[in-house]
Amino acid sequence: MKMLGLSKKDTTFLLIVIALTLLTPILLQPFPASSTLAQFNAGYPDLMQRFAIFGIFAIGFNILFGLTGYLSFGHAAFLGVGSYSVVWMYKLLGYNVVPGLILAIIVSALFALLIGFVSLRRSGIYFSILTLAFAQMCYNLAYSVLTPLTNGETGLQVYTNDAQVLMGENSPTSPHFFGIVMNESATWNVGGWQFVFNNGYYFTAIIAILVFYLSLRIFRSPFGLMLRAIKTNQTRLNYTGINTRPYTLAAFVISGMYAGLAGGLMASMDPLAGAERMQWTASGEVVLMVILGGAGTLMGPILGAGFIKYFENIFSKINDQVLHGWFAFLPDGLENFLIGVSHFFVGKSWHLTLGLLFMLVVIFLPGGLVEGGQRIANAFRKRKSGGDDAETEAQPSAAE
Amino acid sequence: MDAIILQILNGLDKGSAYALIALGLTLIFGTLGVVNFAHGALFMIGAFVAVTLQRILSLSYEQIDPEKTDFLGNPLKVQVPYVDSWFGADVGAWLIDWSVPIAIVMAIPVMLLVGFIMERGLIKHFYKRPHADQILVTFGLAIVLQELVKYFFGANPIQTGAPDAFAGSMDFGSLLGFPPNSIMYPYWRLVYFLFAAIVIGGVFAFLQFTTFGMVVRAGMADRETVGLLGINIDKRFTLMFGLAAAVAGVAGVMYTPILAPNYHMGMDFLVLSFVVVVVGGMGSLPGAVAAGFLLGILQSFASMNEIKSLIPGIDQVIIYLVAIIILLTRPRGLMGRAGVMEE
Amino acid sequence: MGILEVKNVGKRFGGLQALSDVNLSVQEHTVHAIIGPNGAGKSTLLNCFVGKLIPDTGSVMFNGQSVLGLKPHQINQMGISRVFQTPEIFSDLNVLENVMISCFAKRDGAFRLHPFETVAHEVDIVEEAEQMLIDVNMIDKRHMNAASMSRGDKRRLEMAMCLAQKPKLLLLDEPTAGMARADTNNTIDLLKEINEKLDITMAIIEHDMHVVFSLADRITVLAQGTPLVEDTPENIKGHPKVKEAYLGEAA
Amino acid sequence: MSKSNFTRRGLLKTGAVTGAGLALPTIFTSGAAAFTNEPTGDTVTFGFNVPQTGPYADEGLDELRAQELAIEHLNGMGDGGMLNTFSSKVLDGTGVLGKKAAFVTGDTQTKSDAARASAKSMIEKDGVVMINGGSSSGVAVAVQGLCQEAGIIFMAGLTHSNDTTGKDRKANGFRHFFNAYMSGAALAPVLKNAYGTDRRAYHLTADYTWGWTQQESIQSATEALGWETVNNVMTPVGAGDFSSYITPVLNSGADVLILNHYGGDMINSLTQAVQFGLRDAEANGKNFEIVVPLYSELMAAGAGENIKGVYGSMNWNWQLQDEGTQAFVKSFGEKYGRPPSNSAHTCYVQTLLYADAVTRAGSFAPCAVAEALEGFEFDGLGNGPTLYRAEDHQCFKDVLVMKGAENPTTEYDTLEIVEQTPVDQVMYEPNHPMFGGDEASLGSCNDGA
């Protein structure tokens, strides 16, 4: 079974990814809504949208960092630029997301071209700091001096007196794709479960699948091969007649466009563009996502993005009340003790758990979550087949 | 003119903090080859050593004062510090007043210990790992450390003042022949600058004149050779890490009267200190110090009204702008060597 | 008129005159060795050919075109390939991919944006690379990770990568440095075979006289940054100046 | 609108929705609910969205404490707090409209993006009918906009920018807290009495929207007194070291420094200004003075001794002597061992006000609740007689002018009340230019679903 110019293995892989993405609203909702574990359900539109959007961001970042090894600390700038583009299109034209998304990709590509052209003159940490410097300048200016353009701290939003020249009488009053309104959902009740199928999620999910497919093609292309060669040995590449600069710049611009698209989608789901999107912590977040998931792998960035967003949104909401609910069946002393211990890790301390997990993953799974998955898979396979063919699988091409 | 001198003083002061943090960061990077994102957290822990000491010295027992009432209308419980009752009110008050300088004495062993534990327990396993892994694991550690501090001390900044003896300002201008009171500068900030100069000088002297320092310098020049010298290099690495932690820690202690410490001050300084280190040139100690002062002074000048009115927002971006310009004109920062952190 | 014409090349590093007045002509289809004691300027000279260094004076003409001021990749695209002292290969990629990169560089030039083609579908390139591996007797290792090979195999791979580009001129920087005798002999055989089978010119920098005399058609002896003599191996062997400057110290 | 805007999974917690076998188009449209997150079970869920990480985490913590207390009181637990003093008597401790009040919490991180994410998760996942809390105007405006679109009520926590009920006002959003204009108007007469009318002011202003509206308000209020404005310098948020902005002040010809900073910025800038000897200096033959327009208890605690004698303003303070305040301080103090902060007070009061409005309206529908809140006059919640103005959803009440205490007896009375500026003096027209002028409009209320 081959299709879309992919090998059999990749086609299967893509089909699995498509299936998982489309079934996300069901898969992320494993607990009945009335159970105490419903707290861990993640199948609500906003979080699913975020999974898809940050998945796109991380996939794009991986094309630069995972393939070429150039560690950018400034990709959040493109995220922000993408968001601002979309909101400006809302303000000027109307709530259809298409013009905004196109503009977001174009503008972020231009920004990436400029920043990349300058920053790629250096490599290693010097490159990282240059990108960081550009992004921080964007952030600081967007937060303060450029407020007429960005609405500063509050974030750019649509006002009733904005032009919106393409808004018709019956146009939806929130972001939509030719009439398909992003924040509308259909709900499906089965037994104790409730599954939510949200337009916005499927819009981002389909785009995510498309860009995942693109990244798969890039990974398997001669271009991708050259990028991997850049990471391994730039000297040899130069003496093999390859000019590495345009390759790295192309990778930088492509990943910048992914980031711009992700930023644009954020504003497509929620029509507001905040300056914090450009802060270095946001750039750092995508770095963490990619490394945590497994840099240079196809699935890693998506896993990493999902992992971090899940923590941010689910663990931060576990408060005392919830804990009491869980441990209520225990004797009082033990209940209070367990709640005291949990205090360290959930609710307002969710950062601590995240920090610990970073450390644990890096210490024990240098290849990120993907390596963890491979180890488990290998362990199973070994048990099945007596451990003979594990060796051939353990050495996948670097882009697995 | 006096305005310019004041800004230079401000810049030196800011620069002192930048230089001290960057110095430790460079020591670790230069000798151990580790990119330590938890270095800002060490600075923060240092500051909280001062807070802790202040808290310890202020440990109190309660005395009911029947004359007054608390916010619920009950008789007021007055807190009397134990040191007051042990040493008398005067000595007790003096001890609390001087808690910041005293904290330095405490911070050095504490920070050495923190450094040792960090290096032995975590960092040493990462010498051979890629820089990206080092960044991730130390970043995780930084988050853990700051969240622990937040858990125990809260998120609000905690005031830890300088001793009263250093309150007020010195008439710095009269030293330079300006009319009196034209250039007044707070004593504590002058103290901080002197302190930074001493620490920086001390570190350089230590590296210049001790055998240990020679090994370290040899290592910074060429890490392979350190391996060849070989006598218990592990121990030296640990000590080095402890030293860097101690430098960051005392810098944090002394900075508390200038900046009320809070749990995320380490993160606030992290990005900046990396910019400083890179502008100075990865692995170059003099470069780190020079870049620290340079960026501090430039930032102060950019904050002047005259310059801000010409270029709005320049004070917010100057550091980054300078970093970009320097890195584009001098490929490896001010004093960096080729091949370091470029792959 | 040789394929590589070096005229009056000089290069100074601070107070050190690394090269002065170097004149050299490498004839097509020959193996030209450059020998000389340590510090004679052999590597500096080589770096002037490939664009890593720009000489202060003089000219370097390849095939009638100046290479001065060109970037390494541009010079490579003109037809000069280089083998390094320690093999420079793509250690994260497998053997076949290593060779394919050379084939792509040959076909597509210094840069081509081809992000949507699939490597596996580039049948010509794959075949070409596999043929190259068959030629150097490495086809059974084509899916091996390059980093996990022996040093001899890495050298062989690097050679294959250079040859896959069908260069007009192959520069070899001490190709047998640090090799065991057997490996050295294998390399000599490989190079001989290449020289016989392919339409190629080679310039070798080498310490090992055994290698030089087995392969070279002409030899230039470099001492203190200047060519001492240039002649056939037979003549060089007995040359008094060479003995004095180079072989003498070895004797 | 036949489709639902926001899903209501939280409903299921109440067990009201029965399982349907297969999905049919009619179920997909789910037009059953009259408004977003209509509570159908025996509980109703409130969303408390406060900073739990980041620099304002302590403030968020205090807001959470107050909100939990409010939920207790609504459900008839504890001593009832301000329910006993509230002028409206419809709340009787049996929950809200017969439903038990429950709550979920979220972390705003004091970032607009994160705040909207956690608000959305509360709306979509937990099915909340209202969101309460927050500690910055950027977040308040962002979340208010979201609630407007989603069709639920937003009760703002600590937000002091004019914009929240000015140019960014929304029909579904309500603010109990006072604002920058009121701070200026309340401070002006006190400053006139203390420092006279012949003063020259130098402003340091945090370079973001709140800073600007604060600066604009206090500048116009002081200039109305006859003060001159020497300079206004923008400082980067989180600058840490303000020395390079402070050193030019003394030689600028100014004799008052106004710090339009909040939180950590204010703690640092004030501390450093004192370090640079501004408090001890003389200029133009007068004592140099510092003014901090907006105070909070946590800022006062962080700035320590440096605030002694420095004027500022607050929405409310636990030292007030009215009945409502005393009742609240008592129940809060007994539960948590400390007096509540003014942002805690606002969050507590907002919860009660919401519940009260629901009860009076007899419905959780946002438009009905909004109508009940609009023009609502009440008393007994600590600020004296208060009006929720219909035109902009801003509360009007007395404003407190505070001063750093000279001899605090505990860590909680570092600020003392100087004056209670009566509400008339801080009143303004809904179309005041600082509040978006004539263009500002609430829009129409949104029931969602």
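Labels for the chains are A, B, C and D, by order of writing; each one numbers its residues from 1.
Here, a contact is a pair of C-beta atoms (placed from the backbone, for glycine too) under 8 Å apart; a residue touches a chain by one contact, two chains touch by 3 or more.
These numbers come from a predicted model, not from an experiment.
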Check your understanding: Closest chain to the protein CA centroid?
Key -> A
Point to revise | Contact-richer chain pair [B-D vs A-D] | key: A-D
Review point. Farthest chain from chain B, comparing Cα centres?
Key: C
Point to revise | Centre distance in Å when chain B and chain D are each reduced to the mean of their C-alpha atoms | key: 35
Practice item. Give, as an integer number of Å, the spacing between the C-alpha centres of chain D and chain A. Key: 33
**Study point:** chain B and chain C, separation of their C-alpha mean positions in angstrom
**Key:** 52
Review point. Per the centroid of Cα atoms for each chain, what is the distance between chain A and chain C, given in Å?
Key: 46
Review point. Which chain C residues touch at least two other chains?
Key: none
**Study point:** Shared interface positions of chain D, touching two or more other chains
**Key:** 57, 207, 234, 236
Check your understanding: What parts of chain B, by residue number, touch at least two of the other chains?
Key -> 313, 316
Check your understanding: For each chain, which other chains does it touch, given as pairs?
Key -> A-B, A-C, A-D, B-D
Review point. Of all residues in chain C, which touch chain A in the complex?
Key: 50, 71-74, 76-77, 81-82, 84, 88-94, 97, 100-102, 104-106, 108-122, 125, 145, 161, 165
**Study point:** Residue numbers on chain A that touch chain D, as the complex places them
**Key:** 32-34, 38, 41, 44-47, 50, 140, 143-145, 147, 151-155, 157, 159-161, 174, 181, 183-194, 196-198, 266, 270-272, 274, 276-277, 312-313, 316-317, 319, 321, 347-348, 350-351
Study note, to complete from the structure: In the complex, the residues of chain D that touch chain A are 3-10, 12-13, 15, 17-23, 27-30, 52-53, 57, 60-61, 64, 68, 102-107, 111-114, 116-118, 120-121, 124-125, 136-138, 141-142, 145-146, 149-150, 163, 167-168, 207-210, 234, 236-237, 439, 441, 443
Check your understanding: If you look only at chain B, which of its residues touch chain D in the complex?
Key -> 2-3, 6-7, 9-11, 13-14, 17, 68, 70-72, 76, 78, 150, 154-159, 161, 167-169, 182, 184-186, 188-189, 257-260, 262, 264-265, 268, 299-301, 303-305, 308, 313, 315-316
Study note, to complete from the structure: Within the complex, chain A is touched by chain B residues 35, 122, 125, 129, 131-133, 135-137, 139-144, 146-148, 151, 271, 274-275, 278-279, 282, 312-313, 316-317, 319-321, 323-324, 327-328, 331-333, 340-343
